[in-house]
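First chain written, first letter: the chains are A, B, C and D, and each begins at residue 1.
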Amino acid sequence: MASKAERPDATIGKARIEAFSDGVIAVAITLLALDLHVPDPAGTGSLAQHLGDQWPSYAAYVVSFLTIGIIWINHHAMLRRLVSVDHAIMVLNLVLLLAIGVLPFSTALMARYLQAAHGQNLAAVIYGGSFLAMSLVFFTMHRHLLIAKHHLLQDYLTPGVRRSVLRRNAFGLLPYAVATLGGILTPYLTLAICAALAVFYALPSTTSDRVSLD
Amino acid sequence: MASKAERPDATIGKARIEAFSDGVIAVAITLLALDLHVPDPAGTGSLAQHLGDQWPSYAAYVVSFLTIGIIWINHHAMLRRLVSVDHAIMVLNLVLLLAIGVLPFSTALMARYLQAAHGQNLAAVIYGGSFLAMSLVFFTMHRHLLIAKHHLLQDYLTPGVRRSVLRRNAFGLLPYAVATLGGILTPYLTLAICAALAVFYALPSTTSDRVSLD
Amino acid sequence: MASKAERPDATIGKARIEAFSDGVIAVAITLLALDLHVPDPAGTGSLAQHLGDQWPSYAAYVVSFLTIGIIWINHHAMLRRLVSVDHAIMVLNLVLLLAIGVLPFSTALMARYLQAAHGQNLAAVIYGGSFLAMSLVFFTMHRHLLIAKHHLLQDYLTPGVRRSVLRRNAFGLLPYAVATLGGILTPYLTLAICAALAVFYALPSTTSDRVSLD
Amino acid sequence: MASKAERPDATIGKARIEAFSDGVIAVAITLLALDLHVPDPAGTGSLAQHLGDQWPSYAAYVVSFLTIGIIWINHHAMLRRLVSVDHAIMVLNLVLLLAIGVLPFSTALMARYLQAAHGQNLAAVIYGGSFLAMSLVFFTMHRHLLIAKHHLLQDYLTPGVRRSVLRRNAFGLLPYAVATLGGILTPYLTLAICAALAVFYALPSTTSDRVSLD
């Protein structure tokens, strides 16, 4: 591996960081389907019953797929604000991809334990917590860009716009904190909040036609 | 995660939505091969016999691989009609990718149950239904682009061309509906119709040399 | 899904067919590693012995990785000869990707049966045959481009150059046919020929510095 | 497959080698998560205890994810030094990707054996050795570019700059050699050194703001 001084310290184009991030997120989102299991034809019970029993897997698949998809859309928007990237941004992006990479695991954990007799609350806290952690890394990276790296930003991002973008970002962490804590009561609350958030972010914003950030 | 107002509401370039879609479809199509199992060398019976017994897996692999490949070609054609994309298009695209992402699961289900003593009809209905669902999302997304987002389309797409494109699209749903219902009779009917459709779409159209959409 | 007339019949840019092919080949080549198994720590026997027993998996991994990598290099070279692509080329490319997509399966089959008491010859014939099939599809696609689609080719590809490229291509099929048939004698012959071919194609050609195709 | 003379011998653009490498590295880094296992809800013991017992898997996941990510950053930097690539560079790059492709296996081996009663030292030597092998291939490829292919390099890379880049590269191999040998003493030493290296390379260099390589 290259020694420390070998690193790409200068600001560079963002095409490859986009391509690599797209790749990691595309693989992670598609690996979610590996937790959908085909029941054994030789087993007892009807296929309909076996598939019906797996509904937590389907629910968790849809919620996690949409959430990772929305992360991708937001990641897309975040990088569009940049003209170029540096080493710190690439490392923060790597930590974000690490947090996204564990989501297939936390999703499978949630699906498998939602209806279990024990461990269901911990599984839900870990599921909500994995989304919260991912949001926190996203916020940290976004904050770093908007505060410390404004020389790499597109021109239209005035200090006022940057503050307002960050404030809305910080508020976006709250619902995932609630979803995480909600798992202590019941895992269904965590799943319901995460599902509602995915739908909320996917729906068209009423103000969206009037706002043009670029 | 970014708050709602943080979303990329403005129209944007389509390079990254193409890259992300290519990634998800490429992973989904390649994961199909994970359902091709190597027989245990320590088991009884010859390798030839074990591999021969797996023919439903090979058939389902080929049919699903070609079908997903043709979806990719059509997705490619759909996005070429666009100059840029907005939030609603990205969310519809995400739902389309979600529908594509479950195809390795429905393919494995079909392969495992084709010759089973029970559950084979339900498995076939789910297999045909997963292609129908994917086609429906594709149609919905395409309709949204051609009707509601004509300001984002390439210039050559006049209202007349758009109506004729959509009409042909709607007719394309019918065979998958038949394949889905056919599973009630026998799963072989579903697999045969899906195979015939994959070959039909792959073959060169006799009119294709005279039609130039771009 | 789009109806037949909906297909991208006009000639189009090749950026997305390259991106999709790169994605499928990258996933297939990386999935090869899924057949490298970690021995159970609770089992009997030393780790060194267990890993040593797996040498066919390592050998098959290296041979298949290099072979798929060389396919990618050749695919790269083939598409560079083109200015644009049409529907038939995209379908042929899809069949090529299908043939590449099964290589992780045939590689795992070869690795698991190389030292088995029965089935080892069939496994080797399938392994060699999967490379032969892939080469045949590559040759068919290349032939189609050079003979039927010369209006889509770069200008420097005169009829004489095209004939000589195809002749060399056809000769390239022979060693894989020998490797496939060699499996009838012993699977080690198949693996050895495939390994030798991977090394041969990877080595620098002595004529390479004098030949410039573009 | 194309015959030997069919290979892309001329120097060519580097867009597709970047896209393919990004794809392979993105898949390898995301497959690391497949070794995070969901405990069986029907088993004995609490979920917290089962997850706690898996800490070697989490530690190995984070260390390997960051290390592969840093390889990707360095790979990015290495290719930026090039104007175009030739056959030898593509083959060396393929060997580098092969070495990266086995890291999910060596990571799973390390995680599974860290606390085992036997085999833990060998597992650690293999884990450190897989990073060392990858670094050696990276160094070999980098050396080949800087020494033998200076006609393909960007203009700013004078002989003096090239020598200094290579010297720092060679020193970067040492810590991985130490990590590999350290596994003979205890696997924890290997993991600790690899973790420290990942953090070291991820941290901002104090000289980074003053050095601009491009």
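Basically, a residue touches a chain if its C-beta (ideal position, glycine included) is under 8 Å from a C-beta of that chain, and two chains touch if they have at least 3 such contacts.
The structure presented is a predicted model; accordingly, all values stated were derived computationally and were not measured.
Interface of chain C with chain D: the two copies contact each other largely through different residue positions, with under half of all numbers used appearing on both sides. Rounded to the nearest 5, the angle that brings the Cα atoms of chain B onto chain C is 90°. In terms of their C-alpha centroids, the spacing between chain C and chain D amounts to 25 Å. Centre-to-centre, using mean CA coordinates, chain B is 35 Å away from chain D. Contact of a single residue of chain D with at least two other chains is seen at positions 19, 23, 26-27, 31, 34.
The residues of chain A lying in touch with chain B in their complex are 18-19, 22-23, 25-27, 29-34, 36, 38-39, 41, 46-48, 51, 61-62, 65-67, 69-74, 76-78, 80, 131, 134-135, 138, 142, 165, 168-169, 171-173, 176, 197, 200-202, 204-205, 207-209, 211-214. Contact residues of chain C toward chain B in the complex are 1-10, 12, 16, 19-20, 23-24, 26-28, 31, 34, 87-88, 90-91, 94, 97-98, 101-102, 104-105, 108-109, 112-113, 116-119, 122-123, 126.
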